[in-house]
Amino acid sequence: MLENVIANNGFSTALSGMLIVFSGLVLIALAIYFFNLISQTTKKIEQNGEKHNEAEESGPALAFMGDEKIPEDELVAISVAIELYSRLHFEPLQSELTFLHGELTNSGWKTGIKYGQRQSIQR
Amino acid sequence: MDVIFKIIETTGFANLAVGNLIMMAIGGVAIFLAIVKKYEPLLLLPIGFGVLMGNIPYTSGLPLGVYDEGSVFSIIYKGVTSGLFPPLIFLGIGSLTDFSSLISSPKSVLLGAAAQIGIFGTYLGALFLGFTNAEAASIGIIGGADGPTSIFLSSQLAPQLLGPIAIAAYSYMALVPVIQPPLMKLLTNDKERKIRMNPPRMVTKKEKILFPIIVAVLAALIAPGALSLVGMLMLGNLLKESGVTDRLAKSAGSVLLDVCTILLSFAVGCSTQADVFLTSKSLGIFALGLLSFMVATIGGLLFAKLMNLFLKNKINPLIGAAGVSAVPDSARVVQHFALHYDKDNHLLMHAMAPNVAGVIGSAVAAGVFIAIFR
Amino acid sequence: MLENVIANNGFSTALSGMLIVFSGLVLIALAIYFFNLISQTTKKIEQNGEKHNEAEESGPALAFMGDEKIPEDELVAISVAIELYSRLHFEPLQSELTFLHGELTNSGWKTGIKYGQRQSIQR
Amino acid sequence: MDVIFKIIETTGFANLAVGNLIMMAIGGVAIFLAIVKKYEPLLLLPIGFGVLMGNIPYTSGLPLGVYDEGSVFSIIYKGVTSGLFPPLIFLGIGSLTDFSSLISSPKSVLLGAAAQIGIFGTYLGALFLGFTNAEAASIGIIGGADGPTSIFLSSQLAPQLLGPIAIAAYSYMALVPVIQPPLMKLLTNDKERKIRMNPPRMVTKKEKILFPIIVAVLAALIAPGALSLVGMLMLGNLLKESGVTDRLAKSAGSVLLDVCTILLSFAVGCSTQADVFLTSKSLGIFALGLLSFMVATIGGLLFAKLMNLFLKNKINPLIGAAGVSAVPDSARVVQHFALHYDKDNHLLMHAMAPNVAGVIGSAVAAGVFIAIFR
Amino acid sequence: MLENVIANNGFSTALSGMLIVFSGLVLIALAIYFFNLISQTTKKIEQNGEKHNEAEESGPALAFMGDEKIPEDELVAISVAIELYSRLHFEPLQSELTFLHGELTNSGWKTGIKYGQRQSIQR
Amino acid sequence: MDVIFKIIETTGFANLAVGNLIMMAIGGVAIFLAIVKKYEPLLLLPIGFGVLMGNIPYTSGLPLGVYDEGSVFSIIYKGVTSGLFPPLIFLGIGSLTDFSSLISSPKSVLLGAAAQIGIFGTYLGALFLGFTNAEAASIGIIGGADGPTSIFLSSQLAPQLLGPIAIAAYSYMALVPVIQPPLMKLLTNDKERKIRMNPPRMVTKKEKILFPIIVAVLAALIAPGALSLVGMLMLGNLLKESGVTDRLAKSAGSVLLDVCTILLSFAVGCSTQADVFLTSKSLGIFALGLLSFMVATIGGLLFAKLMNLFLKNKINPLIGAAGVSAVPDSARVVQHFALHYDKDNHLLMHAMAPNVAGVIGSAVAAGVFIAIFR
């Protein structure tokens, strides 16, 4: 059956296919690698420049605690709290109560329109 | 060795054209605006990503892009070109929209009509630049400031321009906070900007239920071409307000809306292949689109001032600008602009009335065009 | 290029299009206006006729408090409670526990069938 | 000036016929029943709104209605006529249905079979009135009291009658609390109505998992035409009961079910354009449909009494009436009717058994018709 | 019109249709019946054989309390708790916090991949 | 009497063949594995049920099965054969996948490439057994250990083999915990298995956002054929990571994913009608599929050892086995295997990197095949 392999250019196809896969993933690996590099360099320069608010930078990422130990119960409690919170605030609601500040006679209102519009800015 | 060359020839690197790079840069800008500036992220993000994917070159013959018969992307794109996605999106939007403000202030409806002058003015402008009737209508609708309406009309009248029209419509909707304030400043004086309006009255459940039924019937009778858009919008709203079909309204307003939004936006993005998109026509569309938004804003503002000549309880002319729709962005722009001059003057709910009326108005305008040009 | 506009009946199309849009929205405005009128008239007649249960009438609409001020904290608490409540009761559940009154030997049961059937009456 | 006339001619007002007004009134009634009487709101509300939208007149040639090739509504309607939506709805219903009561009481299955005499009796009646075989079968299935099954069979055998059959089926399902009690009163005596039944035994998880598999295989073997409906119903149930695919069951029973319900109901409503719907055939279908429900109820009641002649533990014959399905309405009717005579006699769970068996029974009946007449 | 019925083999079709429906449902009834029988027999044999852990057997099924009465308030409380629990744990989340035991330096992590993979085993 | 015979002839009992019984037994085994062993239940359960339903015999001419033009199941199956479902599933998976581990360890990407040798090795093996190029490629992709990728490639290149390829792919993915450990034991020594790796560094939000964009563009440029799969996967991921389109990501990752999974799995199951499935080709595919998984595992393990020759911070070669993807099963297998030798050596997150890289790798491989053989 080796004829079938040869007749179909099997070996060169397999070889060059493997080559493409590797080149593709190497490119991706390089991109990540260089991106990391840039990111680290930028961070160093920034750190040398001025001490800025770190909390702002960290964003929503989870801080790893290093050596400090957290009791397991607390971890469970925290994760349940986070689940509940995200459940309440990140799930699309059908309609939503919003209360504005200011004169109440003029401002107690309710709107259901939430679609597709920069809503994240306001909150 | 031949096979290796053949494979290298199939890679995108071998076929990358300057046009593709330009378009990919545009896609990148859209993604940037969506994520960093938070401009219409639900639409600009998938559109931008679609622009990137749609401009990956490949050897012709491979069924990959939206224009290739049988490809996966072409199947998704069929949901756009057949006009199916926009009404489904309107179904979802209807199930999320509260028309209370409009019901409590019927005269605001007229402001939503006045702003549609942007559509017809631009239609004339497009004719002037040499576009055909069907194309001019599709370009004019950009001034309606409703993405789904624009895409729907283009799909019915000028599918070949769908890409640039959709991109223009969404881009300018995202830029509403940039486009509108200068015009507001120009066309109103300080006294007008400080006009306070009476709080809207309470609207009963019965009114909220009857509203979508009446609007759908009237709008469809006056402009049957608006049937698909207004019909679905009001069906969604009825599902919400009836109080007996909550689960239907919820599904229409969440997953159905989201999935249609993703697929429509992504497919529209993919349709902007450089060789199709980078034409002088596209440039014309972008120019006319901007004009369209500006005329619509001016129309709303001036008509509000005109109405004030006859009204005892003056309306704040700023809310006329919200008649362009771009729900709820232009209403928010009005709110912020007014707060600047009187920090206790909350116009948001008042601006919502012309805002949602504008949605109905431009759907009716689209219906008129469909009736004449199909 | 004005010829193109004229050749395509541009002006009359634009004019009549604008006309239709206005007539459509004027019709809608009138409908709302008359509807409001009827509603108000009916209400007045009813009020003159007999003092009836007002709570029934108001339905699920939110009552606006007029001049009375509500502390902001309470507003937040109320809206969170409403969110939680609607989340619990208005979202379709896969199956649901229901407990009937009466003899427990005969009535403790569970059903998962909820589809499309006047369920709102029972609750 | 010509254009203005042309546009006015395109408005619905210019083309409104009496038939359209009659149909719109019917649509209004459906919406009224759905919202105020809360009769099957998840179905009657979108159907009623669809009737309104489907009877907006427009100049022919415009691609707007369900019968116009290429229109958005026709694309949605294709989900009905191709028979796709009903099985998907059954998938969702299956993932919400608890068959425990049926599993714990195998003899109730026969009551679900007996009630199907309504289907075959009406089939004969329809033949008698001059309908063709395929039409008669589609009309008869109304007696199965399952919307999706009726629509599925009609779409396969008599698509031209789909509108009236669907409307009749859902209307009578909504009227079950009106149609059934008089027959119950007529055919049972006081002693029978007070028969108490033993509480159903506990059903193990293993049984619940095996049930959908066995039912699907047996029903499909005996009537392969029932494959699509019974197969999907039981797939949904298996997803639910297996305990390992909760997320699939949840999605099938929520959004998928809701979206298909909205689109199917709305499209069916739209298909009732006056010129297609207002025919003597429709009248015949409505008359036969009522007959169908009554025969089915009688069949269930009498068969239950017949069974009691052979059983030691008597069953309450009222639960026979629940064999028509219309899940879970007719089971509730039984419960309320029985409570009237003995305030501690809870028959609901006992009535659920023939109730869900009736769903399987009419799907099998539909399968038989498909096998013969396709 | 009786001719139409006869010409279309109406009676034999109706009769045999009814026959098929009955045979189908009788088959199903028999299957359930025999299945019940087997299940009961197995149970009896097992019970005679050895007293085994009953809790394991009952699985997620709801235990019916027989004659014992449960205060209605508690029933409500229990059902709300079950609803909340299932809401929290059976609904697909976008991403999920998971905390592993062991050395925290090496194990505090977060994963969002949950698709299609035997996840039920782990919990 | 004739009609009765005709009806009996239409029942499945009259047409049941031995092949159908064999296939139904296989379907039963799949359901058993899914429920009792909890092997890939979200896929194996609907597939198994589909195998049962697909092997119910019926008189030919009835439009019931996936291969009958116009039947409901054929409409659903079109979602598979057109290649639509797999990219939509990838959209959902992307919106659920966290690529942090991969971003923090770029060198692991290479392990995801190395494991793809299973694909190309099996492609050669299939050619050797006499399959055509397109068939051999589709069979080879089983070694990619990604269901949607396998189904997509088969639908594009060898639709006639879709059934057995899909079943083989999912079966072996379910059997990863059985197939991989012996090879791990054979190819690593005790010291290697105990290698501990540094905890992965924190990844910033910015990196997570840029990652899907860069990967999609690079992968699609190098292998445009991967556009549909990689594009959708990364779109889903971008929707998730951008932080501004949470509702879109949520819908894509829940209902859209679930519905596509149900329909795809069920339809694939239905496509295994005995007369189509029980062929010697299927046997060959199953044998080659197993080979494919083994070669892929070996490739990953050996390449990791090769890399260690050049690295200062040694990697644990076990994580190479996770390069086959089967996310996240093979990563879990690595975790458990390593814990056996050092109860504090948690490799899960390290194994996730090659694991998800393997998904990208096999999508690229599929793209290469599409580019050459379409």
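Order as written gives the chain letters A, B, C, D, E and F; numbering starts at 1 within each chain.
Following the convention adopted for this analysis, a contact is a pair of C-beta atoms (placed from the backbone, for glycine too) under 8 Å apart; a residue touches a chain by one contact, two chains touch by 3 or more.
This structure is a prediction, so every number in the text was calculated from the model and none was measured.
Looking at chain B and chain F, the chains that touch each of them are A, D. Interface matching across A-F, E-F or C-D places the copy of B-C, with more than half of contact pairs shared by residue number, at A-F. When chain centres are set by their Cα atoms, the one at the greatest distance from chain B is E. Of the two chain pairs considered here, B-C and C-D, the higher C-beta contact count falls to B-C. The greatest centre-to-centre gap from chain F, using C-alpha centroids, is found for C.
One simple way to say how far apart two chains are is to compare their mean CA positions; for chain A and chain B this gives 29 Å. One finds 25 Å separating the Cα centroids of chain D and chain E.
Computed centre separation for the pair chain C/chain E is 37 angstrom, with centres defined by C-alpha atoms. For chain E, the set of residues touching two or more other chains reads 13, 15-17, 20, 64, 87, 90, 92, 94, 105, 110, 120. Looking at chain D, one finds that residues 3, 7, 11, 38, 41-42, 199, 222-223, 243-244, 246-247, 250, 254-255, 258, 261, 368, 372 touch two or more other chains. Of all residues in chain E, those touching chain F in their complex are 9, 12-13, 15-17, 19-20, 92, 94-95, 100, 102-103, 105-107, 109-118, 120-121.
Residues 82-84, 87, 91, 156, 209, 213, 216-217, 220-225, 227-228, 231, 234-235, 238-239, 242-245, 247-248, 250-252, 254-256, 368, 370-372, 374 of chain F are the ones that touch chain B when the two sit in their complex.
Looking at the complex, you find that chain B touches chain C at residues 102-103, 106-107, 109-110, 112-113, 116-117, 119-121, 123-124, 127-130, 132-133, 136, 199, 202-207, 210-211, 214-215, 218-219, 222-223, 243-244, 246-247, 250, 357, 360-361, 364-365, 368-369, 372.
Here chain B touches chain A in the complex through residues 1-4, 7, 11, 38-43, 92-93, 95-98, 100, 196, 199-200, 240, 246, 249-250, 253-254, 257-258, 261, 327-329, 332, 344, 346, 348-349, 352, 356, going by the rule given at the top.
Those residues of chain D that touch chain B in the complex are listed here as 3, 6-7, 10-13, 16, 24, 28, 31, 34-35, 38, 41-42, 45-46, 49, 52-53, 56-59, 61-64, 70-73, 75-76, 254-255, 258-259, 261-262, 266.
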